[in-house]
Amino acid sequence: MDLRNRKLSEDEFFTERQEVLAQWKTGKEVDLDEAIAFHKSLPPHKVCVPVLRQAKAQGESYAITGMGKATVEEQIELLTYIEKEGLANYLGTTVDSFSRQNHYQEAEKGIAESMKKGRSTLNGFPIVNHGVTGFRRVIEAVQSPISMRYGAADPRLIDEIGYAGGHTAGAEDALMDFWHHHSKVALETVIATHRYVHRLIGYYEEHGVPLCASCQGLYGAGVPPSLPMAAILVQILMMAEQGVKHIRYHIATHGHLPQDVATADVLRKLAREYYARFGYHDIEDFLSVSFSLVQYPLEPGSAFAVVFMNTLMAHLCGAQANDIRTVAEAKGIPTKEDTAYTFRTAKFMENLLKTQKISVDPHDVEAESRMVEQEVRCIVDKVLEFGDGDVVVGTIRAVQAGVLDNPFATNPTSPCKVMGIKDKGGAIRYLNHGNLPFTNDILTFHKEKIEEREKKQGKKLDYDTLVSDLLAVSRGVLVE
Amino acid sequence: MDLRNRKLSEDEFFTERQEVLAQWKTGKEVDLDEAIAFHKSLPPHKVCVPVLRQAKAQGESYAITGMGKATVEEQIELLTYIEKEGLANYLGTTVDSFSRQNHYQEAEKGIAESMKKGRSTLNGFPIVNHGVTGFRRVIEAVQSPISMRYGAADPRLIDEIGYAGGHTAGAEDALMDFWHHHSKVALETVIATHRYVHRLIGYYEEHGVPLCASCQGLYGAGVPPSLPMAAILVQILMMAEQGVKHIRYHIATHGHLPQDVATADVLRKLAREYYARFGYHDIEDFLSVSFSLVQYPLEPGSAFAVVFMNTLMAHLCGAQANDIRTVAEAKGIPTKEDTAYTFRTAKFMENLLKTQKISVDPHDVEAESRMVEQEVRCIVDKVLEFGDGDVVVGTIRAVQAGVLDNPFATNPTSPCKVMGIKDKGGAIRYLNHGNLPFTNDILTFHKEKIEEREKKQGKKLDYDTLVSDLLAVSRGVLVE
Amino acid sequence: MNRDKTSKRTLVTGVIGEDVHIVGIRILEYALGEAGFKIVSLGSQVSQKEFVEAAIEVNAGAILVSSLSGHAETLVPGLRDRCIEAGLNDILLYLGGYLQIGETPWEETEKKFKAWGFNRIYPPGTSPGKVITDLKEDLM
Amino acid sequence: MNRDKTSKRTLVTGVIGEDVHIVGIRILEYALGEAGFKIVSLGSQVSQKEFVEAAIEVNAGAILVSSLSGHAETLVPGLRDRCIEAGLNDILLYLGGYLQIGETPWEETEKKFKAWGFNRIYPPGTSPGKVITDLKEDLM
């Protein structure tokens, strides 16, 4: 495998494509020319990019969340309900976890079982099994754009079918997928499959179809913002190289507003800087925000408080998408009522907020921005150094070396040496920075912040404190 | 009646008192010495003033709302439930509307009927009928302080029994009660009964018992902030004269955050100024905030958004009390579950917010502050001029003359010439300033603001627009 | 009684009992006035007697009673009888607001108040337009 | 099999099936380690076969299975039989996480999974302390 950051030629792409489409019987339904024509026939309100653009223009953020049922009928019922009752502007297809592992045979069983039982026994919509024709029925039934949501080491067939079916945004994120969505797939493999799907998106773009990729870097529980930000920055360079033109950055916030806003600000700024440095000049970016996925509250009173905080953060960060979990998140897969109810609340909160100029103390934001920017530069510079300027090569080495790392990786080859913890104000800091290439200034800053909380709590912060941090939101507090 | 702003002598007070206590049989239960001793035996967590002080010290705002059932047993069940399940720090006794009209006989019937039916058929707790002994059972059963909530032209017996029973805060607000709670009682009468209850509070204070009075001025739907603020300012001078030492100002906000914050800021500033001018030097003040009582949303999704906005406003205004309506407000008298659920949500929102330094654009706040301060000075100066420096005399004349006015008064003697309307950003402005003694600068400002919305909507603002303003929040928007 | 078109279009409005909620009825009065009705507004805290006396005086086509306090069940029964006693045989009685405490299904509430002689019952959130249409229909 | 106290205190942990949720089990591993147990962590996406093989290899006292994806119903039946086949006759089987999709009462869920041979079943929000107490009791 030639793993440098270079655009796949059309030849390479189409050769690989034959193998991809052969993975499951519905692969043969995909006809790129037909799909491009279909996309061009979609009205703008069914396309993600113009809808996100509209959100940006109006300073509004639209609620988004996962939505997935086993059958086409159930999926249509779910999405139309959320549109109508939840006043949704932006819909999603959450892919079930069998499909995420490319176990289409098991997904097929799940569909059959769901039909028999009359209720979905899958935790998402099996895009591949339903094929292009299946999803076309869904996109025809709704009035809003639909984005894919999943994490998969090999998302190639999902994307081929998903985009041909009429999705106009996706979730191809190699590092996220490597760290969190598989335990036994090598990073090289994940990067290669993602290069393919980014090239697929690039192909659509070359033919005048705007698709919005997205990138979060890593799942954020227990992780200070510089690490996911570095993971985003290295990846958007890979995406851009393959021809991706529209990217939604997703940040997982921790509820400490100065830190959250600083994260959004610095990310937008550095992304522009790195695009420019590598010569990608026409990328349009969007932002989404969600509370970091820690334990969510079981009881609805506090669950609504989380929706509130998520919406406030999205507003303050200037996000176009308010990526929320429903108030039933801690209970299990939400019902359509749960989702609609939550969406409506978020919509009305947003209505009340959208024209208001409120802001977090600018000095606090600046202090956080300065730190996170320094940290990110340390990491990304090291990645590029590792790759002699090539971001793919550098990323692979950096992940091995723990220069890009994660405390809760599923993949056992990951060093998992870093660990974050909240300071006394609720901002997240490095308790352990593992092999992150930080300067002494940075380390001192984090140490001091942690000492402040230790002083307040009268004890050393340890793994126990971390547990309480992970459970804090479910108990309705920012930090205990 | 000698209606000047002068403290009632003990003689006058005790003479009037005999008549008051004779209004209903439970009056004879009241023994002031015993009551003072009882108050002194209460632990601080059952007393409003120290609890509000604690909120102030911690920069937190506690949820408060109405709570009232027909029988003592039901009331205890309600309050203990809200304490436990709603995590309440501050409780309330809402008085039923028969008692507010001093129709104790009908309240008695309501109690009997409620006992027979096994469910409350009264819309509040009939304080007078249950007497001192009845309420003592309530205050003993809970762990938080209890404040009275009602509006009554003659609150004298309610207060005598309520305070002797163990309430540590009340709601004696003459202008509010005149305008909104009766249609046939003269302002002079209302001011006189309120002078009595303020003097009662003063008596407790003289004997070392801190009680917290409160004052809102007028119910705020369709009213720009300067009018309620003027109504508060004239009244706190009356309260202070009778010996009231702790006052909670209540502001009804409209959701336009710069205007709301400006209202809080200017009110605190001017109150201090007027206290000083009239020589009241030891008043401690608190603030509560609620969304102005317009039509509330029927469906819970948007009702939660209102809780959210109320909590955010309370936080931004630096209020100690977050005066919320439950998510069932538009449905009817809330169940205990409705209240607990709403309180818990507000509590968790507050937990997430309380340490965060967020603020409304200071230039916007300053612009609003400048206007509201000018407006209030015009009104209050005129009131004082009317009374030759005496605030009681001035207030009575000002209300007749519509210099203190209200668009939705119940009392038909009120001119009701003013009318407010939202501007395009959602701040409320004078559509009609009636007889308010405003300068041309002020009038031009309001006119311009209204023209901006007219331009945006492409039509003249009229009574129709006002209806849509009153319904806006129930539709989940700030302004349509 | 001989009632011409104009008097039919005269409406007596008010809030019954000890109730002080005034905003809803004020809004309705405004909308009805705009729609060409003549409004005789009694304001809030109006007794049954006051409603009937006013209706006689202006020879009204309908009495619009508002009740928000939750006490309607005890406040409105008997109004129809008083009207009949006063010779207002065919006067329309409309009632609206928050008509009872607790969560009873709307159908039940409607049935109950209709049995007390009200021609139409309106829940919270009623659009003034609906009331105008109904009045026009009923007063034809 | 002759099992001494030490091996009894050895626990095999992992997340079963295609499931990648790792945080809960990591937290438990930490707490159990602090409480003196020896942890053999298999991480996520572990098959029944891998659980049994590891338990034999380290002569474990219990297997702690985590499942959050909602697919436990299809993933865990048969594990007890495999253990018996492998001669792990008295090994404890604990299961925890989000055990099914939809809102079934907890008692039903517990009954169902116990019938499949699990000694104890834990819902979301389980405190690590509870697991420690239970293990100490069951391993006595």
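Labels A, B, C and D are assigned to the chains in the order they are written; within every chain, residues are numbered from 1.
Heads up, the rule we're going with is that contacts are C-beta pairs under 8 Å (C-beta built on N, C-alpha and C of every residue); 3 or more make two chains touch, one makes a residue touch a chain.
These numbers were taken from a predicted model, which means no experiment stands behind them.
Asker: Between subunit B and subunit D, what is the gap in Å from one C-alpha centre to the other?
Answerer: Measuring from centre to centre gives 57 Å for this pair.
Asker: For subunit B and subunit C, let me know how many angstrom lie between their CA-based centres, rounded off.
Answerer: The computed centroid separation for subunit B versus subunit C comes out at 31 Å.
Asker: Hey, how far is the Cα centre of subunit A from the one of subunit B, in Å?
Answerer: 46
Asker: Work through the pairs of chains, note which ones touch, and then classify the graph as line, ring, star, complete or other.
Answerer: Looks like a simple chain-to-chain line, open at both ends.
Asker: Could you list each pair of chains that touch one another?
Answerer: A-B, A-D, B-C
Asker: Sort out for me which residues of subunit B touch subunit C in the complex.
Answerer: Touching subunit C: residues 97-98, 100-101, 103, 119-121, 123, 151, 180-184, 221, 294-295, 298, 330-333, 408-410, 412, 463, 467, 470, 474 of subunit B.
Asker: Per the contact definition, I'd like the list of subunit D residues that touch subunit A in the complex.
Answerer: Those in contact with subunit A are residues 18-20, 22-23, 26-27, 30-31, 34, 43-45, 69-71, 98, 100-103, 124-125, 128.
Asker: Under the definition above, what is the set of subunit A residues touching subunit B in their complex?
Answerer: Checking each residue of subunit A against subunit B gives 255-258, 297, 299-302, 304-309, 311-312, 316, 340-345, 347-349, 351-352, 355-361, 364, 425-426, 476-478.
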